[in-house]
Each structure stands twice: as C-alpha cells, then as structure tokens.
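The structure under discussion is supplied below as structure tokens; questions concerning it will follow.
All chains are identified by letter, namely A, B and C, in their written order; residue positions are counted from 1 within each chain.
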C-alpha cells in the first residue's frame, strides 16, 4: 500500500483526536456515536463492499454484540471488559452459524435468508421481553458505568473517556480493514466479488473465504454493538430490527462501498442529515428513502468511491 | 516413449434431466501430449471437460488424475492438484488490471507448494505475461483489452497456475488468422511443460497442433487416434467431417 | 369452546388470511417472475391500498357498500399509478439490476411509509364492511364478509391466471419472462411489459388490502407483515412459480391461523421465519419450484 494512503488514514484518526478539544459537548457525544456506528458499517463493508455479498441481516450481529454485552452485565453480573468480550463472542458464534447456513444460497436468496434470520432474531428479542425488556430496552445499572483495567480506572459516564474509547475502537477497526484489504485474503475476496466462477477455477476455496469474510464482518459488527451497549448503558430491540440492517447498507453506500474510509464518511453524513432533518420535521425516514434512491441512481460508488474514481485511484 | 497416464476417466456420464450429455466415456491422456477434442455442437465436449475440471458433478463414472481418484474432489482442489481450465466464454476480472488478474492465478499456484518463495510471485506474473505477449499491457484494466488479448490473458492465467494439465475450451474462437498463428506457437511451447487438452473447432489448428485427436459424437467417443488416422477414419468422415 | 369449534374457527380464519396473502404474493411473484427483481416496497403498496381505501370510503359517508366498491376500483388504480411512476422514474433507470433495485425499493419503502405517517397519521383507522351478514355454522355464526373475501380473492386469482394463459397480453408476459432478449428480438416491447407488470403487481397488493381493511384496520406500518409473509409464500412456492405461490399461501395462511389460535403469535412467527429461511437454504428453488432452465 502506498505511503500516502497510510498517512491519510492516520491523519483522519489524528484529526478526530484533535476535534475533541474544539467541539462543544453535544457534537462530541454525537461524534462518539458516529465512531461506534462507523465500526458497525466498516464491518458491514467487508462483506458487502469487498466480498460483494449483500446482507440484509447485519442488525442481528450488531444485536448479538449489544445483547451479549448488556445481558452479560444484567444477567451474569460481568464487569464491562468481560461483558465486552462476551458480546464479541456472541457475535462470533451467531455469525458462524448464520454464515454456514446462509452461504449455501447466493444472490437474492442470500439477501432474503439473512433478512429472515435477522427478523427471527429480532422477534426472539421481543419474545423474551421479560429479560430483554423488548422495545423499551435494557438500561445498564450504575455498577457497569466504570471499570478498572491494567491498573487504570475508566469512568464510562465521562464523555472524554467514551470519546477516546470509541476513537480507539475506530482506529483498531480501520487498521484491521486496511490489513485485510491489502492482504492476499482481501484480494481474493475482491476476486470473488468480481468473478466467482473464475476464482473457483483459479483454485481458491471460495466458500471458505466467504465464510471467513462473513464471520469477520459479523464479529466487527458485534464488537460495535457491544461497545455501544456499554458506552451508552442501553440495549433496545430497535437496534436488532430490519431498519438497523438497512442503516449499515445505507451508510456504506453513501460513503462508498469497498473503500476503507467510506463507511465512516457515510455514517457521519447520514447521522448529520437525519439530525438536521429531525430538527425541522419528523420525516427523517423520508430523508433516508430519498438518499437511498438518489445514491443508487446517481452515485452508485458513494462519496469516497467517486473521489477514488475521479481523483485518487490510490485510495484503498 | 514411456507412456505415463496423466488423466483417465472410466464410464464417465452426465445427464441433465432426461438429456444425456456425456454417456459413459472411457478416456485416457498421456503426460506430455497435446490432445484435441473435436466433434459437432452438442456432442458433449464442453460437458466432458467440465466434468474433468470439476465444475459439474458427474452422474456416474470415475476420474483419475496422476493415478488418484479425484471424482469427489471439489473443483478448486483439482486446480491445486494441477488441472487448469480456461473458460470458453472469456472470463477475466474485467475491472482489475491485467497483472492483477495473473497475480491471482500465480498466488493460487504458489500456495499449492509447487512454487518458489513468495518473492517469486512478481517474476511468475511477468513470465506468464511475457509468454503470451501482454507484458507491455500489465497495468491496463483487463476489460479495456481487445477480445483477442483477453483470450491471451485467460491463457496467461492458466500458465501462471503452472498446471500439469491445461484445458483450453475453444481458445481460438473469435481470433484473427494472425492471432491464431501466434497462438499455435504458444500452445506448442506450453506443451513442453504441461499436458494440453484442447477443445477446438478450427480443423487447421487441430491438425497442426494435436498429437492425438478424440472425436466426440452424441456424448460418446466416436474415434481416437493421430490426426492422420482420424482423418482416414470412415466413421468420422461420415459423421463429422462430412467428406 | 372445545377443540372442534376452535379448530373450525382457526381453519376459517386461516383461509381468509391465505386468500388475501395469495393475492398479495401473486403480485410479488409476478414481478419477480417476469422482471427478475425483488420489490421490497411491495408491503408498502399493500399499505397504500388500505390507506387509499380508507380515503375513498370517507368520500361516501354512511354508504359503506358504495364506498367499498369505490375503494375496490379506485385504490388499485391509484396504487398502480404510483407504482408505474416509481418504475419509470427509478427502476427503469437502474436497468433492473437486482441489487440496485433492492436498495431503491428499500428507499421507496421508507418514503411511502413516511408519507403515510405524515398524511394519514399514526392511528389505525377502520373501514366499514360493505355488508353485515352472519353465516350460521354448527357452533357459531361466521362473518359473511370474510367468506366473501375468500371468494373474491379466488375469483381475482382465476382472472389473473386466465389472463396469463389465455390472452395475448399474458402470452407476451410469459415470453418476456422466458427470455428477455429473444422477446425483444421478436418485437415485444419489453420495456412496457415491465412497467405494466410492476403496476399490476402493486395493484394486486392494493386489492388485497382493500379486501382486508374491513377486517383489519388501515395503519401506516401494516405493510411489514404482508411483505415478509409474501416473501415466505413466494419462496416456499418457488421464486417465480405462480401455482406454487397459491399452494404455499394456503399452507402459510392456514398454519398461521391455526398456530396463532393455539400458540403465542410471536413464537409462531419466529418458528415460521426460521423454517422458511431453512427451506431456502436447503432447497433454494422452493418446495414446488422446478429446476432452473
């Protein structure tokens, strides 16, 4: 990978680190959310952008992390670091099982199968309402609002702590994405996206690669979910709904599928658009719908994708 | 010449619903030869090589490669064992660069353990492109190549796998006469390292290149032999050559 | 009530659901079969049909029968026109690319849902049944209107089937479904066939919705369940197979009716959804779908 690409991504992280000293509190909180949700979208992008598999069920993986962590706290009394790991483990398990089943299908059937599994998962959250509190959601107790790790005390009610933890998570995910994209594994994923039969006939185990991509993608989404639950002390069924699966798709598309920075850009922009729109009307869904259609009609490559196509072909 | 059997099929058959595409074919291929498979359209040639390469599962019969039964082996594993297949309809990565196309093949070929160190990847790509004469177009997107060059890229990808058996499905289709001539020279040079199984309609190419010819008709082998023998075979003449 | 009456009630309710579902799924199946697209906004066309039916019924206050007939004619026309417009303005420009179409129809879903919320409001609103007759059965009386729904849905499906198999338009549609390029070569205006099929599919969902609103009220979120159930029906029946869809609608509708009489509806939905996903995993062409040509 070219040095300037590495420099650009490091620059974005540094910029985000510096922003916390100038932004007012409200925007710092929003940006914290954006960073965590961008991790979700970056996970989605590995499967959708690089591997070319359109899943309509990623909220199920985000939800697995969210509830894995939240229930870890409320049901099993785990400390936040352990609950975080529990969320990731839940995402790993769910994505492995769903991957093995759903990857037997391709194309439209894959979308529908992931949609249906996710819907079943969402309904399951509602069904066990006495534990998950359904739509109303779980609020984490005050004990889970802080933890000690490596001799350091973390206070999760403190905005700066949350901001920097979110930034750390984003930086790690970005590094993972970059590493994947430039690795032989990542190049094989792109090959599968571009021409699956040819890739089989070059001797690649396409099924294993797709499964690995799905599990990685789902686990990153779950990591975002676990972080979200612990940072904002809340887990609600909405996060597991179809709409949230579509959000991941939307953010990735807006920013640019198969670009490392795209999901972050897309999440930030859509968050701002909806934030602004809901200031004037309640019609935020309308904005989402219109943006989706405008994107597929006029900017199928998204913002970063268009920049790469026109001006910066070196962007990973 | 000590004949080592590279590939052998016994009773190999494929039915699609009620249609019998390949009907119990016993076929064997010696290491190092150039074998042409000819026959009228619908004779089952492409289905036959698809069975060999593993793209289509057989309805009956066995396939042996280097003495081992590979009937149940998945297509990608057969490629790793050394069976490379180039598509009849050009199937390159249109949006990737020419060199990237070949690198994907080279990387796969090296992972099988028959290649040298990882540093050799670039050399291997360069070598394959050099042989087909596309070295100066390495940085171009594959989709921007002319049709004939895309066919050559297909072959380069096959070469970069460094296969033991290279299956070419109608490689000269759509090429100009000059391109065909260059192509024949290329196949002859490939034959020094690999066995070539060639489906071909152009009889000039077949007669010029093939050590032996297998004639397919209605899913079965009608005749087999040297070009001279096949040309003289009355059954072939009446069924296929039409003279 | 004991088991017998319970079961009869469940079967009757299930049949009503199945009839409406079959009609809705038929629209989705037609679109998938002919155009090879998955229309995620299908449920919203259903919802729109119900909302428009409510408005039409308001035009003639105090005359439920006339209002219903007006809705039955008007709602499919309005919904068909909306579908036609979205097909011309969006889907056609995407050249019916499967993935882009899914994304675009998701967008359409949000837009329609939001417009309904803005102009129709968050409340569920009833439409009066055109007539109130109770049909006496061994244990209880059953709504005559519900039986009418079953008959009407059946009649409409027969009409569509007749149109597909016996008319020139149907022939043209089937030719397009079989092979788009060849159809084009034979001078079939594939472009207009697609527009027509998309509008017809949406209109069928709208008719189904008009039939159901006297039983279930109109609501801006009512499109979600029909969408998922239609998917289920079309998948079990085999993507693109009309006959399969009708059989599958009967199975799904009846089991839905029976299961929700005896079990928790959420649990029934979970099990149903997982089961269908597994059907698709094991038999990607559905239980009744024939091998791909």
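Heads up, the rule we're going with is that a residue touches a chain if its C-beta (ideal position, glycine included) is under 8 Å from a C-beta of that chain, and two chains touch if they have at least 3 such contacts.
Model, not experiment: these values are computed from the prediction.
Grouping the chains by touch while subunit A is set aside gives B | C. Greatest centre-to-centre distance from subunit C is found for B, with centres as Cα means. Centroid to centroid, with C-alpha atoms defining each point, subunit A and subunit B lie 44 Å apart. Centre-to-centre spacing of subunit B and subunit C amounts to 50 Å, using the average Cα coordinate of each chain.
Averaged Cα coordinates give subunit A a centre that lies 34 Å from the centre of subunit C. Those residues of subunit C whose C-beta lies close enough to touch subunit A in the complex are 38, 90, 93-94, 98-100, 102-104, 106-115, 117-118, 228, 231-232, 235, 239, 264, 266-267, 269-270, 273-274, 276-278, 280-282, 284. Subunit A makes touch with subunit C in their complex at residues 54, 56, 101-102, 104-109, 111-113, 115-117, 119-120, 123-124, 126-127, 246, 249, 253, 282-283, 285-286, 288-293, 295-297, 300.
The residues of subunit A lying in touch with subunit B in their complex are 184, 187-188, 190-191, 194-195, 197-206. Interface residues of subunit B, counted against subunit A in their complex, comprise 53, 55, 74-77, 79-80, 84-85, 87, 91-96, 100, 103-105, 107-109, 111-112, 157, 161.
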